[in-house]
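The letters A, B, C and D name the chains in turn, as written, and every chain counts its residues from 1.
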Amino acid sequence: MAILVGDDTRLVVQGLTGREGSFHGMRNKDYGTDLVAGVTPGKGSSEVEGVPVFDTVAEAVSATGANTSMVFVPPAVAADAILEAHDAGIEVIVAITEHIPALDMARTVTHLRRSSDGRATLIGPNCPGVISPGKANVGIIPGEICEPGSVGLVSRSGTLTYQIVHELTREGLGQSTCVGVGGDPIPGSDFIDILERFEADDGTELVVLVGEIGGDAEERASRYVGEHMTKPVVAYIAGFTAPPGKTMGHAGAIISGSAGTASAKKVAFEEAGIRVATNPTEVAGIVKETLG
Amino acid sequence: MAILVGDDTRLVVQGLTGREGSFHGMRNKDYGTDLVAGVTPGKGSSEVEGVPVFDTVAEAVSATGANTSMVFVPPAVAADAILEAHDAGIEVIVAITEHIPALDMARTVTHLRRSSDGRATLIGPNCPGVISPGKANVGIIPGEICEPGSVGLVSRSGTLTYQIVHELTREGLGQSTCVGVGGDPIPGSDFIDILERFEADDGTELVVLVGEIGGDAEERASRYVGEHMTKPVVAYIAGFTAPPGKTMGHAGAIISGSAGTASAKKVAFEEAGIRVATNPTEVAGIVKETLG
Amino acid sequence: MDLFEYQGKELLRKSGVPVPEGRVASTPEEASSAARSLGGKVVVKAQVQVGGRGKAGGIKPAANPDEAAGVAEQIIGMDIKGHKVRRVLVERAGDIKAEYYCSFLLDRSQRTFLGIMSAEGGVEIEEIADTAPEKIARVHIDPLLGMSPFHARKLVFEAGIDPGARKEAIAVLPKLYEAFVALDASLIEVNPLVLTGEGRVMALDAKVSLDDSAAFRHPNFDELRSAHEISAQERAAKEKGLNYIKLEGDVGIIGNGAGLVMSTLDVVKAAGGEPANFLDVGGGADADVLSSALEVITSDDNVKSVLINIFGGITRGDLVAEGIIDALGRLDIHTPIVVRLDGTNAEQGHKMLDEAPHEMLRSATTMLEGADKAVELARGDAP
Amino acid sequence: MDLFEYQGKELLRKSGVPVPEGRVASTPEEASSAARSLGGKVVVKAQVQVGGRGKAGGIKPAANPDEAAGVAEQIIGMDIKGHKVRRVLVERAGDIKAEYYCSFLLDRSQRTFLGIMSAEGGVEIEEIADTAPEKIARVHIDPLLGMSPFHARKLVFEAGIDPGARKEAIAVLPKLYEAFVALDASLIEVNPLVLTGEGRVMALDAKVSLDDSAAFRHPNFDELRSAHEISAQERAAKEKGLNYIKLEGDVGIIGNGAGLVMSTLDVVKAAGGEPANFLDVGGGADADVLSSALEVITSDDNVKSVLINIFGGITRGDLVAEGIIDALGRLDIHTPIVVRLDGTNAEQGHKMLDEAPHEMLRSATTMLEGADKAVELARGDAP
């Protein structure tokens, strides 16, 4: 099994007619994802390599039964695109777009979490997407570095995720699903949301959690793991060398005072009985050891 | 038993230091309601006839364990008062204030219904309140016209409620709880919310529903009764003589097109198997007959 | 409060919604000068709050200022379905390629806002709803989230608006919604929203209803209201803070609370009478208010009898009695008045009335009895 | 983007938040003329983005324009904790009766906004949190609902603000929140918010951080940013759209994605090296970006070796190789460069690099191997 995306995924790409939208949309399709539609307002009734394009997500859903959306539109209109997908009844929204203003996401995430008429799960924004190897790939994670298996992976980072997946695959440790939740200050889903799903997923035996400096998502996740998870979790955190107070790329990767440092997160994980790897290669080693 | 207010009610009055707030607050106290606090910003540490006054609802809750609030503040600040009560963890908010702008209520009710951190039930605004005869009175319904018993009453109207309660009492038909949900276009609770509670309440044998022209709350209630209620419901609707298109006092009492007329509501009730009285006196007669 | 077309359009213009250029005129001379200042062809439109103006001859084109004066002469003073035309709106005439419908309103059953759009404009939305419901696009707008661009796109694409009008329509709809919220409107209906020959999208008509409860934060509400004509009784009632609506019958009615008053109307009707009015003195009415209410009702020559039906809650029976006694002393009243009083301090009120007997005063112990008595009195049967 | 005090205050003033009158000066003459235009006593404040200005002598009173020039002379050019003072803010001095703390920020863990207030102003909030946590009032503000008056009351009453300052504080807080939202701020911290002798409440200091992602809707962000001084490398990187931060070590680092770059820094450190920088080329970097990145890094004299660690996703290995080859051809590079390339089109990239040999170029097959090599090279050990 897998979480979030899989054999039942029917994908609509918001922004399919754009350069990156079409490139990655088609890569997802080539991977085997059931890409059923694209949405670009004003380009309804056209096609991108045989995939029908609609003016609105609602039309795409009603015409194709799309249940998953990938958002690949510019940051100024991305929050609107997410809200549109939610309004149209999409179940899983994967927002790749980065640099969406935090205010837009605060409003959007609040609406999605509260709205009674929707049941959408938002992954991202500013994330590499979700891949269930061998089943479906929604996002920009290179499919060729993954292998089907039983390791679940959740990460706030993009390329660091690839690095770790690559190390796992090289050690013969396939993945059930790899989820990039994104590094923004207000993500649609956080570690806990994904850990819950992995815990409930029959196809996942162990979870790799890849953290970053800034915020307290790792600290909260460690408490959750300690209290609610039966499956083993292996963690990796980047940013031990980051000087306090410096922004390291992600809006989320800001060290604020004593909390949020890599060391504080490491301590939190270890207190919850989670082993923390010191580099991406070691992650695979610990996973192998843990799975026996 | 009873619903919404009763022996466990610990009441805080928002606006207790005002003329009407103190008059009705004290009347509620005299009735036997456990009036534990008042709130008026800037008047903290004072008292109204022995009842301590606080600056904020949060303080009142933490000092007195108040769980129910009566809102008796001017319309311009009433939505804020309701939001404050909700934020402070109050469970039942009874808003008496009339003429609150519909936009304020649309925002407030949406927030209350969605917010994950609150569990407040809002009754009103523009309502006479809630009385569980012999237990507690929160609002302006004259306690002396009520008697304890097993008839539940829910109404969009104020004085019409008194009239009907009066007729019931005169016929020896006591009430479990009488709830005025208010006549505003966007009430915090509607008929269905209250019917659900009466259906679940051991102390209620029959429900009297008092409707008005305008909107479709009665039509929706009739469907709910038909599908979900096991207890008998007797209805009364005012406004058969209202000329179409005229506003009859309540913002809610506007006839829009064919729907919303008293006749349309009567038909809906009768289709759901609910008997509809032609005047307030007849209500008591039908209730008596139904209860046998 | 329902606004006149010219008032609604002025507010929409200020909110950035394109509307045709126009001037209000209450005389043919003003209409002519308005036409001159607008230059070229104009349309002269009766300002009445009732549908079907066009068919009734209340909307006419004029090719020049003289013609404008001529048609204004015809239209001003017209009676359209009982509404007297006091003003016309003189608007620059334009080339219209398509007419659409759109509106924003409060959806009570969903407790949220609703946007409606149709490519079939210019006719009543109820008619479209009857004949071609599939042509109506609807979108719910969460009051906290507000209107997002996708809501506008959804309305425009689902309604099947012409491609040439889409972009502008998508830009105009959020402005209408913003106006709806900023004005505390309960309805903004633009019918038709038009696509002009130059490819512009604009509001050719506008029906705007404002939420009276929000008047405290809109200093302009009073001015807008001053343009409305109401009956002498309604004006007097308004000034005294009474909620009064004149009806056609002869039994005057005073009560407290809209529901009880409506119920009283029903009961009077069931007793064979015809209510002369709806008058709600509201919650917590004092002697002064009651006295004023009686003054308003008895100044209506149609009224043959009055039924006062009060169930005290906030309203106190003693104050009601005081008001009645005051009115009877102050005014020369020859209309029989039936008083039914229950609730807070009702006994005290009854006692006060008993102690101040007046030949026009009757009492009733129940609402039904009160209705019967009032109806008999209106018929001339002395009970 | 963190603003200077004078920038933040100017924005707050425009949002209706009372701030002392003041002028910016970059020379003693300007300071003197600012003091003259303000009249009377002033305070001259160093404009640097670091705490503890006062203790460092960066804030001084002046009784007249001449004194203002004198203290400005002392302050301008000062080095405060590594920050050179280029400007001072000359402000009208006032009588201060009490100092409070308040701020609005994003609460990541609750995914909402947070308002914080304390009656203990003028010191760092972390210090209050340590010594007297009960003196800090907090209120969560739902991003959709926004700030309601009760939020302000709750902060003011819970924090125990002096009765004389309550009313104004309750009025000022919503303006600060509105500014927070309208400016797309991630933090607005007013410390201290003061009660003056005249009973006014005003922001005596202001720390405002803006959300760079929202720059597209704030045309003024660019101008605000222009006041910031950054290193030559940082400026060059900025111009090329690179996310570059200079550090103290000698191993230059280029990677794609903040997480991978941070991880690379950690791994270099673990291998015994000291990173010279953080440089993230971002997602989908092309040849040009890679070439620019190499130019920025190699222009730093401290850099003894460079590690390029790319895991292709959106970023394509062939374009990375093209950028490296371009930089090596275009620039006179004498710093050894270790390239580790995986993911999208990595093989093609490796092939391209093999076909364009350069004496400074080394390759690594894993991230750990790359780190080891780069560290050895920085030490002067030729691997």
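The rule is short, and it goes like this: contacts are C-beta pairs under 8 Å (C-beta built on N, C-alpha and C of every residue); 3 or more make two chains touch, one makes a residue touch a chain.
Since the model is a prediction, treat every value here as computed from it, not as a measurement.
Between B-C and A-B, more C-beta contact pairs join the chains of B-C.
Of all chains, the one whose Cα centroid sits at the greatest distance from that of subunit D is C.
Averaging Cα coordinates per chain places subunit B and subunit C 27 Å apart. As a whole-number value, the distance joining the C-alpha centres of subunit C and subunit D reads 57 Å.
Per-chain CA centroids place subunit A at a distance of 46 Å from subunit B. In this assembly, the C-alpha centroid of subunit B lies 53 Å from the C-alpha centroid of subunit D. Listed for subunit A are residues 107, 111, 113-115, each touching two or more other chains.
The residues of subunit C that reach two or more other chains are 142, 144-145, listed in rising order. Shown here, the protein chains touch in all possible pairs. Contact residues of subunit A toward subunit C in the complex are 41-42, 44, 55-59, 77, 79-81, 83-84, 87, 107, 111, 115.
Interface residues of subunit B facing subunit C in the complex, by the touch rule stated above, are 20, 24, 75-76, 98-103, 106-107, 109-111, 113-114, 128, 140-142, 145, 155-163, 166, 183, 185-186, 210, 212-213, 215-217, 220, 236, 238-243, 246-253, 257, 262, 278-281.
Remark: subunit C residues 142, 144-145, 148-151, 153-154, 157-158, 166-167 touch subunit A in the complex. Interface of subunit D with subunit A (complex): residues 106, 108-109, 111-113, 126, 142-144, 181, 184, 186, 211-214, 216-217, 243, 245, 247, 255-263, 265-270, 275, 278, 280, 282-284, 310-315, 342-344, 366-368.
Put simply, subunit D touches subunit C in their complex at residues 144-145.
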